[in-house]
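Same chain, two partners: chain A is paired with chain B first, then with chain C.
== the complex of A and B ==
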């Protein structure tokens, strides 16, 4: 594909001009890479989900005021103006999208994967989410309703997945390890 | 604006293509675009999120679909920097050519000289306390207005002219339709409106589908009972 490499050359042009103007340094770019590889990512959301599974008071707080629940963890770069956590149940499955751009809860899930930002997911998830879920390998029983959250303003959404059965003795730390990014976007069940 | 960005419900894009073990950034230039966007915010060269989103909506529609997410950011930032007088189109093009860019390649940015520089927000937080409780309440039926907006808006086309129910209230937030154009903050109440699949997609809708969209008060009218 020639287009992405043309975009990358223009990106390099912009980067070099801004470095010359003193608006950017190479170190700033290194810091971005390190921050999103090491410190801000779906591991943050996973910690919240695992805590909600073992601590019902926290679960209720997280569902009532997601922003306050995030604040308790003090994640670095945890800037989220308003977070709403939506809970999957045996009757309802939740799924998050941004059809107009690619809004995503960076503070708790990091930066979004490509598919989340691509036209196929953004166009189809509000119209045929059940078909999209099937492509992700989620065959939802027909009696389970689907609620799709289109992040069209500054509110950010995260899904609280159902706790898998058979993990009664798992510790919070062990539960954290099984929570996936996709389950918190709502395109996977655990 | 009725741009290519307003993708909800559009058909023909095919399967959702996923990548196993996808890296956070595929190339260093993607991280560079992220870093530049933050640096421009700090240096007050890009003044607000709505302005930036609208600049992305104004890039070439073919580039929008083919240059990827960070390619869209690139096009948006180029446009804003040119409009704000920080960098000229000639400077950008000359530098890109010197780095080996193809002179015939598609350029995403579409700077519009009528835009110019926009005054900064008084706070990076888009929430504002409003004196009134809001025109609508949870449980109320509303209809969205059906008229396209020529400028920036956060009412997706697929949700225009439809009836839904208020399911949550989020207090006051800057109105993107005004803020993106430097017309002031004009904060309004923000609501989550739930639509049924049938309301939006007719009898072909998937069963048991609800779509929730966050909409500003001026997008809504009380529905006739």
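== the complex of A and C ==
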């Protein structure tokens, strides 16, 4: 039997035991899954980014204390007890990784994509970030400094992407729509 | 990298595919719900997850043949933590898994999964 099927049986067995012992209910698990499937995701981070683009006081607050900025929005999902927001500029490009496992700021980005958890991304982002970015289609000029932020048990990171040019008249709501998950991990530019 | 694969998968309400297979969501949901209920802290869980991933990588990455399955490690970490806390023993989990495996094909149960 293949590994995923074995894991699927183990998960089912564990769930049935937890429910039998009264430690969890099926509804507890259903609700948790639904929350992360539907209500928590990168649309939250996109709202913060758009607000930072149109409101410089908020931008400064977000860069000084990402956790406080999240609190203003009241996003659920956790994993942002110490959120550090790093700002892309014309000279600096930031990208985020978790080399040990998959630490990720759930409240603003949801659960991480498949490739973020992959051993290749986790090891190569630190070793050869420019090559990894090129594979994502981000070709940076040699003079742009790349900073790689390795998440830890204490700290989560999120990138504040550069606001694209030519959107001077866009509303905050319109700007929210153009912010992608990958741009907030730092593997895409807008 | 499999960014292309991500884009090809069916989108969820928030534009993201979170779980590739239903059991992954159940495993994640159990771990989160138990942490929220105070059975353990998320840092405790994370320590087990990091250890499970490192063990697998040390054993398999150099060989190159095995496929990395993130939520398999998530499941292993949860099992180990629950055993360590004395909540669900390894033996009872093993027995229940074998009972489920022995079910006839086409049995009736609550969660859809592959077989």
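Couple of notes before you dig in:
Simple rule for what comes next: the second predicted complex is superposed on the first by the 185 of 190 C-alpha atoms of A that agree within 3 Å, B and C clash if a C-alpha of one lies under 4 Å from a C-alpha of the other, contacts with A are read in each partner's own complex, and residues count from 1 in each chain.
Note that a residue touches a chain if its C-beta (ideal position, glycine included) is under 8 Å from a C-beta of that chain, and two chains touch if they have at least 3 such contacts.
As the structure is a prediction and not an experimental result, all values here were calculated from the model.
Under the clash rule set out above, the superposition-derived model of chain A with chain B and chain C contains a clash between the two partners.
Shared-chain residue A:42: touches chain C; no touch with chain B. Using the contact criterion defined above for the overlaid structures, shared-chain residue A:120 touches chain B and also reaches chain C.
In the superposed model, A:33 makes contact with both chain B and chain C. Residue contacts after overlaying the shared chain place A:129 against chain B, while chain C stays out of touching range. By the touch criterion defined above, A:111 reaches both chain B and chain C. Of the two partner chains placed by the overlay, only chain B lies in contact with A:155; chain C stays clear of it. Comparing chain B with chain C, the partner in contact with more residues of chain A is B.
Looking at the shared chain after the overlay, A:13 reaches both chain B and chain C. Once the two complexes are overlaid on the shared chain, A:147 sits against chain B while remaining clear of chain C. Clashing C-alpha atoms with chain C appear in just one stretch of chain B from the list 44-52, 152-160 or 188-196: 44-52. Residue overlap on chain A between the chain B contacts of one complex and the chain C contacts of the other covers 1, 3-4, 7-18, 21, 23-24, 28-29, 31-33, 36-37, 41, 100-102, 110-111, 113-115, 117-121, 132, 135-136, 153.
In the complex of the two chains, the chain A residues touching chain B come out as 1-4, 6-18, 21, 23-24, 28-29, 31-33, 36-37, 41, 81-82, 84, 97, 99-102, 110-111, 113-115, 117-124, 126-132, 135-136, 142-155. Per the touch definition, chain B reaches chain A in the complex via residues 5-11, 13-19, 22, 24-29, 31-36, 38-40, 43, 45, 49, 53, 56, 63, 65-71, 74, 77-78, 81, 86-87, 91-92, 95-96, 98-102, 105-108, 125-127, 154-156, 158-159, 168, 170, 173, 176, 190, 192, 194, 200-201, 206-216.
Listed in rising order, the residues of chain C touching chain A in the complex are 1-3, 5-6, 12-16, 18-30, 32-34, 36-37, 39, 42-43, 46, 49-50, 53-54, 57, 61, 67-72, 75, 78-79, 82, 87-88, 92-93, 96-97, 99-101, 109-111, 113-115. Chain A makes touch with chain C in their complex at residues 1, 3-5, 7-18, 21, 23-24, 26, 28-33, 36-43, 78-79, 100-103, 110-111, 113-115, 117-121, 132, 135-136, 153, 181-182, 187.
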